[in-house]
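Same chain, two partners: subunit A is paired with subunit B first, then with subunit C.
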Partner chain A sequence: MAAPNMSVGKPTADRLPCNTTSFQKKSRSKLVSIPGTRPSIQNGQLIVSTGVTSLDYVIGGGLAVGTLLLIEEDRYDSYSRMLLKYFLAEGVVCGHELYVASALDHPNDILQELPAPILDDIASPKTVEDQAKSCDPESQDAMKIAWRYQHLPKVQTALASSSRFGHYYDVSKTMDPEICQAARCHGFYLPEHSTAVTSPTATGQSPMPETYSSLLNNLQEVVHREGFDGSVPQTKSRNILRIGLHSLGSALWGDDLCCRENPSHGHALTTFLYGLRAMLRSSLSVAVVTVPSHLIQNRALMGNVTRLCDTAIALESFRGSERETNPLYKDYHGLLDVRQLPYLNCLVCDLPDNKDLAFKLKRKQFTIERLHLPPDLSETVSRVSRGELTGTAMVGSSGCGSGSTGNRHLDF
Partner chain B sequence: MFAELNSILNTSPDNFKAGEFILVSDKQTDASFLIHHFLSFYLRVGCKVCLLGLVQSFSHYSAISQRLGVSLAQAREKGQLVFIEGLKESLGVLLQGESSKGTRAVDFLRDPSSGLQGLYDFVRDNVRLAVGGSGEEWGPPVLLVDDLSVVLSLGVSVGAALDFSHYCRATVCSELQGSMVMLVRCEAEEEESDDERSEWLLRGLIHQCSLTLQVQGLPTGYCRDIHGQVRWITLSVWKRGQCDRWPTQKKLFQYKVHDKGASFFARGTFSAVL
Partner chain C sequence: MLLEVLQGTEAGGFILIQDSVNYCGRHLLKSCINTALKREEVVHVLGFEVSQEELNDGLDRTSAQRLHFHNAYSDPLGWTGNSPFTVHQFTLEDIGTLLKQTPQAKAVTLVIDSLSWILRHHDPAAICQKLQALKKGGVVRAVIGLLHSDLHQRGTVGSICHLATSVITVAPGTRGLGAVAKITRRTKSGKLMQDEEIFSINEDLTVTIQSKRSHPGSTPMNTDESEVDPTANLTFNLRLSDTQREAKEKLPLPFVFSKEKKSALLHPGTGSGRILYEPDANDDYDQEDPDDDLDV
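Take a look at the complex of A and B:
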């Protein structure tokens, strides 16, 4: 990929081989380290965290810089929006630059709703000093045994804690505005830009509707201006641009892909994604795009869209469906399907063990686990629910073992 | 270059047939590993290769070819390899800048209804240069297209894509006695598939080609160890009254892709399964 090539300035001949031993060569010091990224274990690609550690694991360690993650939205766009917010919050914590585009909500509103990071020792500068002053006489007493450490700083700064790869977030709280302000954010709110759109090309028939062209132009302008594509030699250290595009393909973007069976601009979204792919491959950026695929009536078009993206996952939430009360799924909020994993600079990709994954959004963690059915211990054909296994009667359990709940006969 | 695939196809660096149109199609899986095989094979043999990379960047191909033992950067410097990076050229066209930016090759992005004429012209000029013989003498020219079905996603009609492949075949295979390898990615079959364009493209190309490698996922579902199956179909070719090979032959192999190659084996004989 062009992106890590330019950033580290080493020729492709020096690329790390895939299956190395644990011995690390000293030449790694040539690698320019960008905070919040690390080289992948499989193939040495520079990867960033998506903000959700279990999602990182599922897609092979993280998102490679220069690639595109497609999230097929769930029906109410609740969990896909949550994943987008995790992605942006991770960017704030790691110090990356953000680019948010949305046709529905103003990007500033999205940025104010980011979940708060759980950093063990983060503290605002003022309170650190107060604490240090007040605790000094006590600290000397406290360090009787570990007295060698008393001159070390007690509280780590936020910068040190962001060197970890992948953080956890508390969704019940929003991110501190101060932390959010520290990150550079670029927003693209479609209603603001629709009036300032330049005229279409001379032929009068551009391949993309104006909304997508203006978004692509704006994105390219930001990338070029901030120097992510290596055009402008950056005086400060190199950084990653995290791009979050919300609900592309929906009617708000002027695209009738989700409205009609035979859309008039059937290839608008795919052309945009092709241009986005070209831009990502030549710059230090990573993008997450959410698409309301459940509205697209033409499944073949979704296949085209998926093939133009690198990593693709689909979310299906149980909320409001009959599965919500199904005791099999009672621990989970929905299913997650990994539709595609990228082959980046190598012939293989990290294939998962199995593809039956379910997710659950807890307050402090978004977990993705393998979905497995409990063992069938009853002598009747129907499957035993977990509620019956624990002995508690399930209200509204659908179709599992009739009136004989809790009575399992293990007659030999 | 995958040694096992060479033995399956009965080719070797010393003895390979010229004038072939090899079609690689995939469904539910990614068959681009075969493109890398053919790329390294023809470079090693010494042919002049024109690689039309519409979906990946140059460093992707060069990183993989490095593992397979061929250096693309060197080949490009020597003039053995001509690489058209569709992504890079397309960005200039898609952004609303001056329309004179970029070569004519990706003109189809600007106006999909005009077809792939610009792309064909570019290919023809580059491929004819090889036979013109300036500098070192290379072998017969080879055109690799990765992949053709992406132009359908960008709005080009199936007819235009078929015209493009026909013209390329006429130039490369018939006129210049070179070879051509094309990758086409298809949709998974569904009962109510509304968009059959990729299916039509595939059928049209199968009609034109001489060898088809159809790569699919396993019909029984996803498996971590066996990545899929390859169906190899050779169509009989009558050349000047003599039949070069057996009439239409079909073979089925399963494969697994490694870091440095792929292994092919008969159905059900993979060591992890036995």
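Take a look at the complex of A and C:
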């Protein structure tokens, strides 16, 4: 997937802190490993972290270098923008180069809003393993009947892998400008790059949007100039280019894909993605693209766009929809759907075992968890929400169990 | 929240009023213009749909000199050749020249009545780009637009709403009350606020909020008819009195251990199950494995 004359060797220099084995593979090539990357345990590809450890786990360990991640935006573009910022922040912390393109905000504004990394990695927020170990019997309410199961770990709903890869970020603070300055960033702000404003004809037909081709040319030029495609002889150490493209396909890019059911140039975005993916395959770069798919009316076109990307996930936020009041979803901020995972030099890909995933943006972590229904403990057929199980009164409660009071403990 | 949006003082804002054929949003638009005039702002109106007299009807007379109406109603497409404003002049440069007519460069609010007219004659993607440029350019402080949502495709309406910082969707109210407004507001920090209110517009174009509608969609699940309670009218007693309940809870269950025994079983101590063997003289305690010499 990366440049063809590069072979992947296990990094012997940097060890991950909680690696359980002391096995060291004999590496034959004298390859300087790129910081912030590691070989995937599934297929040996060089992968980078997306900045969100839960998302890394869901898409199979991380994002392979040379591939494209498509994020279908939620309705008000809040969480997809957050994921893009996590991706760029991870690039700053790992020392990669960044390329940001946007038609809505200036790339410098986006770079100033990056979340601050929590640099004390040892005292990282409680992972799931810590939570399982730290339950002492006095603090828990002791079980009367099933006390032998008291010390077993709880069902792990949060998805995490055993080894640490990637960093945690604090959303309430922005990244220090000094850290941000240390990273090299290239920006593409569409209003600065647009050529002569094409005046539409009287019939309203727009000519072919030049915006995508100018973006692709600019990107190709940056990749070639900085040597990510192997053109410049590597005197300095190799690095990865992280490309973040915000809200492609929206009307601000001059494309009427979102406005019309039969867009006049429906192939513009797909041609761009095809060219982008070809360029990614031959260079040491990784790209994240967000698309406002809720505005695209043509489902066939959306299917084409998904096919042309390697990994595709879709976010659906509960904000503003009727699901916000559904008691089932009250802990989460939205649903995450993995639409496509790539087959990179292998026959099968590692699909997550559970397709019902929900996400929650906390201050220090963006968690993706398995969505599971609470057990049905009601005396009637109707489902009892989790709120009722804890004894709080809720509006939609059914009138079941007239004999019992608010508590619904099972009486033996 | 409707009143806050109408006061709407943040710079770079784009307020979109979305109406349909069932309820006309122009009264709300005029109320917006009135509030802006009362705030000592200069208001430029691009009028495509109604004439100047009809729009000025009911507006505050005293601040009429701050209101500039650009007549695109009489000849929007420029057929007569000398039209004051045509729909093709909706570009950043032309609007800039229009606004330079007012020398004092205070806060300028641009009101577009209506966006639907422009969307029918221009490419929607180009309109979005121009609106974004207007928002960001600093030429105007706020843009207020009226959009008839049933005249366009869903994608077009969605794209324009995506650009707006506040969207007010008006619909006729049920049960003879005022109209219903659904408001969605996005702050600069990315926070989203939503609300639904019933309002009515008075004679002097001020808005009164009648009530906040309770959140729709949560229908009470209490059935109307009371369920028949099967535990009533029985010959045997299914309930426990308080003393009986206490006695029941005090009863020790058969396999419940005391706390010490439980913790002893949960945390097995060291040396609980070791085998100590001391071979005596007769035992042939050979350390080697007898299978070692098998040639397998």
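As a working rule, the second predicted complex is superposed on the first by the 310 of 412 C-alpha atoms of A that agree within 3 Å, B and C clash if a C-alpha of one lies under 4 Å from a C-alpha of the other, contacts with A are read in each partner's own complex, and residues count from 1 in each chain.
Here is the rule we go by: contacts are C-beta pairs under 8 Å (C-beta built on N, C-alpha and C of every residue); 3 or more make two chains touch, one makes a residue touch a chain.
All values reported here derive from a predicted model rather than from experimental measurement.
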Partner chain in contact with A:Q181 - subunit B first, subunit C second, else both or neither: neither
Subunit B versus subunit C as contact partner of A:D255, first or second or both or neither: second
First, second, both or neither for A:S231, with subunit B first and subunit C second: neither
Subunit B versus subunit C as contact partner of A:T271, first or second or both or neither: first
Touched partner set for A:N108, first subunit B, second subunit C, both or neither: neither
Touching partner for A:K355 - first (subunit B), second (subunit C), both, neither: first
Shared subunit A contacts, counted only where both subunit B and subunit C touch the same residue: 202, 205-206, 261, 297
Subunit C-facing residues of subunit A, complex: 76-78, 81, 103-104, 137, 144-145, 147-148, 150-151, 191, 200, 202, 204-206, 209, 250-256, 258-261, 292, 294-297, 319-320, 322, 325, 382, 395-399, 402-403
Residues of subunit B that touch subunit A when the two form their complex: 30, 32-33, 36, 55, 57-60, 62-64, 66-67, 71, 73, 87-88, 90-91, 94-96, 99, 109-113, 150, 152-155, 185, 187-188, 190, 193-198, 222, 224, 227, 257-262
Parts of subunit A lying in touch with subunit B, wherever the complex brings them together: 1-2, 5, 12-13, 15, 17-19, 198, 201-203, 205-208, 213, 216-217, 220, 261-262, 266-267, 270-271, 274-275, 277-279, 281-282, 297-301, 303-304, 307-308, 343-348, 351-355
Touch list for subunit C against partner subunit A, complex: 121-129, 132-133, 153-156, 158-159, 162-163, 184, 186, 190, 192, 194, 215-223, 226-227, 229, 231, 238-239, 253, 256, 262-263, 265-266
